[in-house]
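Below you will find the structure I want to go over with you.
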Amino acid sequence: MKKLVNDPSDYVDEMLEGMVAAYPDRVRRLDGTKVLVRSDAPVDGKVGVVSGGGSGHEPTHAGYIGDGMLDGAAAGEVFTSPTADELNEMVRACDAGEGVLCVVKNYEGDVMNFDTAAEMAEMEDVEVAQVVVNDDVAVEDSLYTSGRRGVCGTILVHKAVGAKAADGGSLEEVQAVGEKVIDNVRTMGMALTSCITPEKGEETFDLGEDEIELGIGIHGEPGTERTEMMTADEVAEHLTENVLADLDPDDGDDVVSIVNGMGGTPLSELFIVNRKVQEILDDRGLETWDAWVGDYMTSLDMMGCSVTVCRVDDELKELLGAAVDTPALKR
Amino acid sequence: MADESVQREALITAIENVAARIEDEKSHLTDLDSAIGDADHGNNMYRGFSAVAEKTDEFEEMSPAEVVKTVGTTIIGNVGGAAGPLYGGSLMTASQELEGGITTETSVAFAEAYLDKVQDRGDAPIGAKTMVDALVPAVHTYKKSIEHDDLPPLTAFAKAVEGARRGVAFTVPIKATKGRASFLGWRSVGHQDPGATSTLFIMEEILATAEE
Amino acid sequence: MKKLVNDPSDYVDEMLEGMVAAYPDRVRRLDGTKVLVRSDAPVDGKVGVVSGGGSGHEPTHAGYIGDGMLDGAAAGEVFTSPTADELNEMVRACDAGEGVLCVVKNYEGDVMNFDTAAEMAEMEDVEVAQVVVNDDVAVEDSLYTSGRRGVCGTILVHKAVGAKAADGGSLEEVQAVGEKVIDNVRTMGMALTSCITPEKGEETFDLGEDEIELGIGIHGEPGTERTEMMTADEVAEHLTENVLADLDPDDGDDVVSIVNGMGGTPLSELFIVNRKVQEILDDRGLETWDAWVGDYMTSLDMMGCSVTVCRVDDELKELLGAAVDTPALKR
Amino acid sequence: MADESVQREALITAIENVAARIEDEKSHLTDLDSAIGDADHGNNMYRGFSAVAEKTDEFEEMSPAEVVKTVGTTIIGNVGGAAGPLYGGSLMTASQELEGGITTETSVAFAEAYLDKVQDRGDAPIGAKTMVDALVPAVHTYKKSIEHDDLPPLTAFAKAVEGARRGVAFTVPIKATKGRASFLGWRSVGHQDPGATSTLFIMEEILATAEE
């Protein structure tokens, strides 16, 4: 296993030290935890916006701490939800009295730990609200599954709720914005290779030279389907068509698109995919109001990509287009 | 049953044995969680139980109920993921049943409360391919053996472990409808559930401790 | 070979189409070329700033087109210098009459093609100046080599000259700023793996499971030394110590540091490296005025990183800290 | 020598043969440029000479000097990298020597001008492990065979190709001090230079064409 690491069991701790060392004016670490918050948290007069999850998805989440986006981000071990006590500390550190919105991705571990943390915070009179992101279309949402995964569309939720909070929105208003994005965003991903976690030291699943995995998540687990190698155009078509079929936008709708790299894929290939994604959106009569191409929510060194499409109205355009100043996203 | 300090010593020995077993099985649990998950269950459990094992000095000052509760809070604070709240939160809640000490009756109440909390928290029925599939046969067998068959607790628990073992085997051929494995849909069939497996390992060590 | 591609021989063309489709308001493509320029080029009253080189280093170069940085970027085939005629077209498209500065990396192909292009542009009365970046310390600069490579420090040159031009600097002033950065910046890189080019379809060199390559460039060629696997801290020490030994800064100097990913390495690992880099800089009495961590100048899917240290004075701080609005870098 | 249209036809045939040879050798040149470079020389040359081969219709209207000049500009506009300006720019400049047509004398002048331009542009002396190491023995042998030994051009050129072959072999055991390979320092020793190799292939095809 070839990684730039020291002792693998120090992976997350050292990563956080490196982040704080890079952005000492932007973030501080809560003592004895794996939580980073804005250096000036809690920010007076503003609803706090926090998120968190396993490590290994960088820049998600701490890369989005700053004006107009997150006040705090909790890092769990690689691919492991942070513990409830640390989430509670984060919520309390980001509460200026206006309440805190937690952006939670739909994984049982994330939801249970955030739920427990919310209970703990409320016992100390912090008002906590939550939105649960479930934008992945690869998995059916039914009584017979644990629902859909929260994947790259989460970044648009972070951006919109962060902007609403920065604009003085109340906790209810900020939560409503989050729900609005969730209602309007869909994503699907694929992988050319698995990823290697620092503790396991091997790929989490084996793909042959001629195989790809469709319907992947962000935790290195197998996808919904293994199939033959596809061209970039075929991948773009498969992902985008599935997303649009589920989102079912109308002709003339404005959208935000994201072609997101899983970590190991070169940026040039993401642009090759974007070329076909934009062609499909255009053919469907959709107007791409903003296109994002890059690594926003990764899975360590996995090669692959996901396509996100989010329908946007004037409110969401204003919020998604608002100024933001974080290490990983600026406008 | 024996007095409080004997119960506490037994708990502490069980904890140490469980921690050692989890360490031995870390790779195996990781492998299970690779086939139908994100390859972290082994590390998560190892991290949590190592933290628990480090507290054995503190436990010397506690009642059995407090020991179990502390194991729960330590797991919540160290394991993370799905298993953390499920193991830890359930131990915390169920520990209340042991406030009068560990007796045959309170051990049944504890087992039931533990299972209830796991199902309440995780919302998984039987057959969802989770730790519940190891717990339900274990708890049902334990309760029935004690309350209906008047078996001694050690015999009842040995039967419970056998029930858990069948539960773990049962997780293999079914489709996951809860947990991360449910994202794999039909591809989850044919693979053993990691959380059910770690539950079995823990129960086996508790039984081994009790048999000494 | 697993890549998100269609026909490998269309790689660069489709990547450029995908870029233009992502940023239609920011950039346009010069017809029949692989050159992208600002949509509003040439910008009146301003010296034009252009760069270019082989593809495969994204976001370098086109990701840096925009206010405060590049007016134009020419893409060659993967790892191949663009042709002189296209560089000439780019220079001419970015000339508003104040002259054009070309930022050239020190590779014979880049230098020869830019030189020819400058001759061609001057025949049409365009004033062209040039700076040649050679920040890599791994190779000795002597009569017996072709000099040092231009690598990630080039990004700081782009930023500083772009800011100076945006501020109304003359061609001579802009060039002087470029030379100043070049005098004060040093870099060294390493690789855990080679990279796979779309046309060749295989790794350009073979590294064993326990081997790493020190002193690499950005074109997938072998480095200066192959050695045993190192920890992240050992890598950070090796690269930073070599850079500092060559730069020889004084106690109390302010610096900008860059921990740059070669493309395939997860962001979390770059932060682990940054942790030790900041420790070393601090131990040496240097003040990190700004720390960059991310993929700035990559080598397709290569796993590895480079460390850049640039000594900065008040002028460079102003220029490096100035507002900039490009796809890959914003302030 | 033959008249202009015969010269032109010979040039066009040589160009077609060179393009075919470069296509056949694309992988091999890529492999050479992987060991001590960035694995693009084969593709660069293939792309350039394919573009040249597509212009054979245009060539029908041109003088031999114009054909050679156009080959040069086409290479500059298509090859990129280090080889583009070196091959293309030198052909462009040296083509001026052929303005009176291709004669024994002008062919020597052409060869010298070509080598001069490569060394002027690239600043590489002999022994830097570049295409210059194939060109110098070839040009020196050609000039000497014609001007001092009064050999017929075809014989002189065959000897020149043999000289280039020795030059290519000579690049193997020496350390690169120009070009990308120089970044590898001592590690470049033991590997054959790609640009010298493609130069040899091109000369071999020109010789084969002339021999028909």
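For reference, chains read A, B, C and D in written order, and residue numbers begin at 1 within each chain.
As a convention for this text, a residue touches a chain if its C-beta (ideal position, glycine included) is under 8 Å from a C-beta of that chain, and two chains touch if they have at least 3 such contacts.
Labels paired with UniProt names: A, C = Dihydroxyacetone kinase, N-terminal domain.
None of these values were measured; they are calculated from a predicted model.
S.K.: Report the inter-centroid distance (CA atoms only) between chain B and chain C in whole Å.
M.R.: 55
S.K.: Per the centroid of Cα atoms for each chain, what is the distance between chain A and chain B, given in Å?
M.R.: One centre to the other, that is 32 Å.
S.K.: Mind checking the centre-to-centre distance between chain B and chain D? Centres are C-alpha means, answer in whole Å.
M.R.: 76
S.K.: What positions in chain B touch 2 or more of the other chains?
M.R.: none
S.K.: Find every residue in chain A that makes contact with two or more other chains and list them.
M.R.: Answer for chain A, listing residues that touch two or more other chains: there are none.
S.K.: So how do the chains connect up here, line, ring, star, complete, or something else (other)?
M.R.: Graph shape, chains as nodes and touching pairs as edges: a line.
S.K.: Determine which chains touch and list them pairwise.
M.R.: Between chains, contact exists in these pairs: A-B, A-C, C-D.
S.K.: Under the touch definition given earlier, write down the residues of chain B that touch chain A in their complex.
M.R.: 30, 34-40, 43-44, 47, 76-86, 89, 121-122, 175, 177-180, 182-185, 187
S.K.: What residues of chain A sit close enough to touch chain B in their complex?
M.R.: Where chain A meets chain B, its residues are 54, 76-86, 107-109, 112-113, 115-116, 138-140, 143-146, 149, 197, 199-200, 204-205, 217, 219-224.
S.K.: Quick one: in the complex, what on chain A touches chain C?
M.R.: 2-6, 11-12, 14-19, 21-23, 55-56, 58-59, 63, 192-193, 209, 212, 229, 231-233, 235, 263-275, 278-279, 291-293, 295, 298, 300-301, 303-305, 327, 330-331
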